[in-house]
Structure formats: structure tokens, C-alpha cells
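Every chain is named by a letter (A, B, C and D) in the order it is written, and numbering of its residues begins at 1.
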Amino acid sequence: MTNTQVTLVQLDNYGPWTVTPSPRREVDLQTMQSRLYADLSQAFGMRDGYVFFTRFDNMIAVSNGLDLEDHARVQESIRNRYPVTVSLSIGTGASPADALVEATAALQAQGSAQDADRREALLGQPIDEETRTDDDVQIAHFDVVDATGTYTDELDAYSSFVHIEQGYAALMQHMHDAHDSLSFFVGGDNIIAVCPDLTPADYEEAIEHVRDTAGVDIRVGVGHGVSPHDAGMGAKHALEDAREHETEVEVVPEP
Amino acid sequence: MTNTQVTLVQLDNYGPWTVTPSPRREVDLQTMQSRLYADLSQAFGMRDGYVFFTRFDNMIAVSNGLDLEDHARVQESIRNRYPVTVSLSIGTGASPADALVEATAALQAQGSAQDADRREALLGQPIDEETRTDDDVQIAHFDVVDATGTYTDELDAYSSFVHIEQGYAALMQHMHDAHDSLSFFVGGDNIIAVCPDLTPADYEEAIEHVRDTAGVDIRVGVGHGVSPHDAGMGAKHALEDAREHETEVEVVPEP
Amino acid sequence: MTNTQVTLVQLDNYGPWTVTPSPRREVDLQTMQSRLYADLSQAFGMRDGYVFFTRFDNMIAVSNGLDLEDHARVQESIRNRYPVTVSLSIGTGASPADALVEATAALQAQGSAQDADRREALLGQPIDEETRTDDDVQIAHFDVVDATGTYTDELDAYSSFVHIEQGYAALMQHMHDAHDSLSFFVGGDNIIAVCPDLTPADYEEAIEHVRDTAGVDIRVGVGHGVSPHDAGMGAKHALEDAREHETEVEVVPEP
Amino acid sequence: MTNTQVTLVQLDNYGPWTVTPSPRREVDLQTMQSRLYADLSQAFGMRDGYVFFTRFDNMIAVSNGLDLEDHARVQESIRNRYPVTVSLSIGTGASPADALVEATAALQAQGSAQDADRREALLGQPIDEETRTDDDVQIAHFDVVDATGTYTDELDAYSSFVHIEQGYAALMQHMHDAHDSLSFFVGGDNIIAVCPDLTPADYEEAIEHVRDTAGVDIRVGVGHGVSPHDAGMGAKHALEDAREHETEVEVVPEP
């Protein structure tokens, strides 16, 4: 059974900061946000975790393998190098969606995202090192079939983007509502989903849903592992298999 | 009348690179992509331009104020510091959507996004310095009303994200189809749209559309200027006015 | 005659910040400092300027081509993205050393580097756009002859470093005392000097001085230009000539 | 007894790359080098290691706590995000200087720093996890007494730099020749030295040497630990004690 550890990363009181004393240059906000995300991605990644940029002011990490000390170090490093600070809240469970509900609730209980007095909260309890298993994380790497030939080389860049975005919107909502999964756009035509124990049939149905709702053809590779990196790398290799075999769903190791 | 200059930034042959010789670590791709975006944001921003991350492998810039030499320098700087290269294609026109159609078509004519022989294309013609005016760029900065109280502090982080994302999806498609505008999520609950000459009534209608379709309440500040920065900073101040007056649309200077 | 514009970049009240409330992690300080430097290098570089890291808390830029507005934008961008702020002070003159004396004195007159009330000073007057000429900047790019064969591949890494460092120390002091020049280590075995109108004989004598004092063989390429980039790129090409012709000094355009 | 693990980080075939096909913009090289360094500092730092920029094309890390897999990951991450690759060579021993001799020799045995066929070497053997002790690393954090009042606020910025640089040159050579230590400038007026088991008397003598040779007054805090971070943070606290007590040498824990 999966046991996903998620971490909610929330910038402290960020909205007010962006307009104090007057609105800040958008290009600087964009640079600051994307670099902060890049740093989190490396910091969690050095410990085999994944971070998704989500809204940039609220980012979601899959953090199996990072203990409280690791989290505290990331928090300190941001404080030392950025004009903003972050709160971190950890949740765990068989369902990624539920784990995030738990993490969010704990943080909300400490105060609002725009509470000037709530800074650098560090909440929740990571999974014990001894209880970690190879089944803890399941990751699905979705990819649009021939995005280059169908969209990028055919439509104007914004229309391509709208199509992929619609496929993404359909997928993320379906995977959340039907499958307790958290799906994230990771650039290009790729979506990575953190899932509970799903079956190949679940994935086939999701792919069909996206085709029916948004008219976008996708395929998926699925991997398992003790960490997001292990599961995610498995998923990438499975996706390569799916490309080669022209199949819709590939799971490694085979279930 | 507006005269928007857009630049399509396309990573050259990026898809194959991500899986050669075998799939690359996702955290490294995420870091590389977001830093490349951050650098473009600063580089264009130093000349008062805006860049949006869009798909990360295809980014869209509003580049009024950057000439061909500026573009060439950005291209060279990326080549000197990243393992990937970028092609740049410029389009111009009263309609931002049409300008991007032009820019995309020119690049597609040079070869596929995944053509190994098409590298560092630099296409299109910037607006002549002498013909630039204060009306060239119109930018609308949309923002969800009380996102913190309605979503962030109330729902779990993913559900908040889904709501904002749905508002965004509805807005971006409507603004594109009805108003030839290019709208981009810029983090948090903010969307920035590059528009032709739209009226306050157009914006009111768009806001109503989002409320009806996605159930999300938004407001907007609109600015004009010779550059994206000037227009965008006007829009931010107008948005502050809208917050203060609790109005839905504010335009500066008043039309 | 040269007319060098230098900008002193000083972190405001940085010493106290590094130990408040308690000493900060060294790796974070190192990261923050080197990224701040990298950003300044890009920001000045987009306008054809050069920045040298020097002490990191006091950096020296050659800023011909950047006006006050450009400086203000750099200052604002740092403020928006870093936990520290910078003061900027501009000096100009035929002698780079004197220009820096002027810039430093102006900043010192505003208060100490560790005065908590002196923040984001912006001082001095750039060279008028109309008076700029192709002779304004002279840059000399010094390079150790066969550093790889003599040091890197032969000695242990620290001893190699000590030798190059000693050559550098001898050169920087000599060029300052005898030739009013500002010389900076730029990595590897390279030193870039910003000079007044020096003759090939001056450079030969400097090279001899370094050979006699530190036992290190160097050669130099010298360029002129309206901007640091133009002069510096000339110097690099001249250095390539020197490598090819196995000469000690090459100047472009030939004097 | 100390047991220092050092890692030599060497950019592969970097010299030729900087001038192929023609000399690259200096500001881009500066940015690339300093960001590469910043990333290494974070990557090693997440595991409690230290990296010093040294020559930028040859960097020296104190890497107690990082095993071969950690090194391989750093190497891979650089390859995925930069246009250059790095070789890594590990050496260990009671003497930091000797450990680096070992690391350098191993790398040189694989080929020249400018050998196009030698890429991404990963050499040497880290210290076994079980044999690590609290005495493994000794770090001395040297600092100029009242650099602000004596130099920064008094002299022009270049003369201040020359004075600090001379103190540094005297210290680094003395600590290497007399004490088998590796000393590095870390910005401002600070030097960090990685040392074998030295006594307070050794440090007093070094400080005297710098005062006599270069006329620069310095003090030092010394720390021990299982990792560079632990030892270095001890040294920082000891330095704060030295500042408070106006002593020249403070060691924690007291010997």
C-alpha cells in the first residue's frame, strides 16, 4: 500500500509583501518565485524528493525521505537567501489527497496565509525511516501523444498551449475526484501525478476521460518506489516503453 | 491603437534532449527550466519587457522595446550558460493573438520544434523605435477577490489550486476567443493578459463569464504604455484602486 | 583619452546581518553572495558593462553605458529578490583608480558601510551619452602561459592556486601603483585590468615585473572601446592573437 | 586526530570551451562560473559539506559526510543543467594538504585538465560512515579586526581590497607551508581554513606572521566537528566570542 508524504510549502504573508510599499515589478516577482521554486526542487531533489510549483505561493512537495531536520534546513536556507520566508507542513497517508488535506489543515490551524505573525511554521510528522517501503510512492508520468506534430508545429503557440492546458485541467480534476491523486503540469506536454495504489484499468479510464472531455490523446508510464525519485524514474522508463510499444499504459514493475 | 510585439521563445529540440541518452532526473529538468525562465524574465525585464513561462519549452514574451540586437544577446547568453539553446521569433500587430500567430508561423516555416538541424533561429522584425507610442501595449492584471479567505485558508491546498486553475482556464480561453488576448497565470491568484484596445465593458463581460462558468470572483486593473512594464505597472496600480474602491474594473489612465 | 566610469557596489550593513540573530550558515552566505554577483554581472552585462566580484560585499563595476535609471533599476531588482540591499556610487575619469577614489569617497560621505541608517544610496553622475567615445575604455586581459601544463596538471590543486594567486597579487599591486589600473581575478588563470591609456611598453614592463617577483609567465591582450564589453572582447581577440603568435603583448586596434 | 575528506572539483576541458568557436562574453562566463559554484555550495551544504570557489575552474570542497553516491548525483545534476561537466576526485587524511595532493594526483593520472577525452571522472574513496568522529574536521574562521573602520570606510575600495588580499596571501601561504592547511577567501574580510590538529599557539603564530608580513590585524575562531558545517559553525561562534572578549584566538570546545 502507498504511504505518501507530502509537504505543503507556503510563502508567509506573501500577498501583502508584493504590494508593499507599492506594487513590485512583475519581472522581479517572476524571477524570485521561479528561482525559489528551482532551489526547493534541488534541495528536496538531493534527498530524492519532488516539488511542484503549483501556484508558486503555495507549492506541493512529495517528500518521502526527508525528515524534520531536512525540512528545517530548507526553511533556514530560504530565510538566509530570499526576502521572504516559508512555512512547511507535512502530511502522510495512503491517499496523497488526504495527506495534503492533513498538511493544509495543520497549517491553517496556525493562522492565515496572510497573518503577519505566522512565520516559518514547521508542522507534521514524517514517516519513520524504519517503516519506509518500496511501495510507498506511486507516480504516473502522463504525456501527450505527438504533441509536436499535433500542436506545436501546427497551431500557433497560444492555441497549442490552450489545448494542452485543457487536457491538463480535465486530467487533474478527474484524478483528484475519482482517484485521490495530485497531478501537476511540469512543462511541455507532461503531467506528473502522485497516486495511491491505482490499477492499469484506472489509468486507462483516466486517459479515456481526457480524450472524451478535452479531445487530447495522452499516454502514461507508472512507477513505484521508496522515494518520489525512484517512483518517478520508473515512471519515465515505463513511459519510454509506452512510446516504443505504442501502448497507452505501462507500469513498472509489472503488477 | 495597440501595437504589441510578441516573441515566441522555443527551446530547440528539447523533447529528445530530455530522454537522451536516458530519461533525465525530473528535479534537474524542473530546476533548469525554471531558472532559464527566470533569466529570460530578468533579461527582457531590464529592457521593460515581460516573459511568461507558459509551457516552459515554449515561452511567450511581450517584447516592445527590445530590438534584434537585444534578442541576439539573450540568445547568446542562454547558449553560453545552459545545455540547451533557444529560437526566437518576433511578431507584431494590433492584436496580440495575431502577432503570435505570425511569430509562430515564421518559426514553423524554419522547421519543426524537434528538428535537430533547426537551432537558434532569430526571426521577425521588431517595431521601429520611432513609431513606438504610449498606446502600444495594453495590459490587464486580473486577481481573485479574497483568494486567501475564500480558498487558501479554507480548502486544502490542491482544491484551492483547482478552483483558481478553473477560473484561469475559463478566463484564458474567453479572452483569446472573444478578445484576441493572451492571458497567463503568473502565480498565486493572478493572471496577466496582453490585450488589444478593449473597453471596460469588455472586461466586465469577461469577469462575468468567469463567475458564470467557473464560479470564481475576479477583478481587474488595466494599464497602457509604451512598454509591457509601463502598461503592467499601470495595471497594478489600477488593481490597487479596484481593491480600495471594491470595484471590478479600473483602467488607468481613465479612458 | 580614456574616460572610465566605475560603480562601487556596496552591500548595506552586511557584516552585522551575517551574524544576526546568530551566525548564518556559511554555505548559504556563499550561495547568496555568488548569486548576487551573478545577477549583477548579467544586469550590467545586458548594457555592455562588467562587474568584478572583488570582496563580494564590495564589488566594482565598469559601467560605461549605464545611466542613473539603469543603476536604479538594478538596485530595485536586488531589493525585490534578496534579503540584502546595495548602495551604488558612480565615479568617472581618465584614471580608473581615481574614478574609484571619487566613487568611494562619495559613498563614505553618506555614512559607514555598517551604518544601519544608510541604505540604497545612489550617488554620482554617469558620463553623458553624447560625450562617449571609442577610446573611453581600455581593457587588458592577462593570462598565464600554459597554466595547464605548468601548474594544473603538475602540482596539487592548492599549490597551483597559490602560484596563480601570487602572480595575481604581484600584478594587481603593480598595475595599481604604477599604472592607475584596477585588476581583477576572473577565475582560472585570467586577470582582467581596467586601464588608462597605457602603451605596449607599459604592459611589457608589468609582465616582466610579475615574472621577476612571482616567477609566473603571463601574456596580455589589450582592447579599446566605447563600453567594457567592446574593449574586453577586443582584448580577448588580441589575447588569442598573442597565443597564436607566441607574443607577450597584443593590442587591438594596433596603436 | 583530524580526518579530512576533500574533493577536487575540476571543470572538464574548460579553457578550450571558453574560446570555442570564438571567445565567449566575459559576463556570461562570470555568471556561469559563479552560479555553478553557488549550486555546488548548496548541494554539498545540504549534506553539511563546504565548497570554496578557489579558481572557479578548480574548486576545492571539504566533503566529510558525502559518499560516492552523493558525489555522483552532484556530477549528474551539473551535467543536466550546465553547458560544462565536472570531474570529482576525493582524497582523505589527517592533513588537509595531503588529502588534496592525493585527490589531485588521482585526477592527473586520468588525463589532463584539458584532455577532451577525460570527462566526468569520479575518483577516490570517501571515509567509511562508521569511522567518522567528532574530531574529523577542524575549521578556523579568520577575520580582520575592524575592517570597516580601518579599511572600508577609510581607503578607496581598491586599496581596501589590496590590503585584505595581502593579508590573505600571507595567511594562505603560511598556513599551507607551516601547517598543512588549506585557506580560502570567502568574501568581505573573512578567510576560512581547513586544518589538521593545530594548537592555539599555532594560530597565534599565524596571526603574528600576518601582522608582521602584511600589516593586517586578524583574529580567529576555531571549531571541531564530524562535518565541515559542524566545525565551521563552531568556529563562527568562537569568533563571536573572540570579538566579545577582544581576544585573538578562541577555540571551541576549549582544548
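Keep this in mind: a residue touches a chain if its C-beta (ideal position, glycine included) is under 8 Å from a C-beta of that chain, and two chains touch if they have at least 3 such contacts.
Here the structure is a predicted model, which is why all the values come from computation and not from measurement.
In the contact between subunit B and subunit C, the residue numbers used by both copies make up over half of all numbers at that interface.
Taking each chain's centre as the mean of its C-alpha atoms, the one that lies farthest from the centre of subunit C is A. Chain copies subunit A and subunit B are related through a rotation whose angle, from the C-alpha fit, is 180° to the nearest 5. The geometric centre of subunit C is 22 Å away from that of subunit D, both derived from CA atoms.
Subunit B and subunit C have Cα centroids separated by 36 Å. Averaging Cα coordinates per chain places subunit B and subunit D 43 Å apart.
Those residues of subunit A in touch with two or more other chains are numbered 25, 28-29, 31, 35, 42, 45, 77. Contact residues on subunit C toward subunit A in their complex (touch as defined above): 24-25, 28-29, 31-32, 35, 76-77, 79-83.
The touching residues of subunit D, counted against subunit C in their complex, run 8, 10, 14-15, 19, 22-23, 25-31, 33-35, 37-38, 41-42, 44-45, 49-51, 53-58, 60, 97, 100-101, 103-105, 108, 112-114, 148, 152-162, 164-166, 169, 172-173, 176, 182, 186-189, 192, 229, 232-233, 236-237, 239-240. Touching subunit A in their complex are the following residues of subunit D: 39, 42-43, 45-47, 73, 77.
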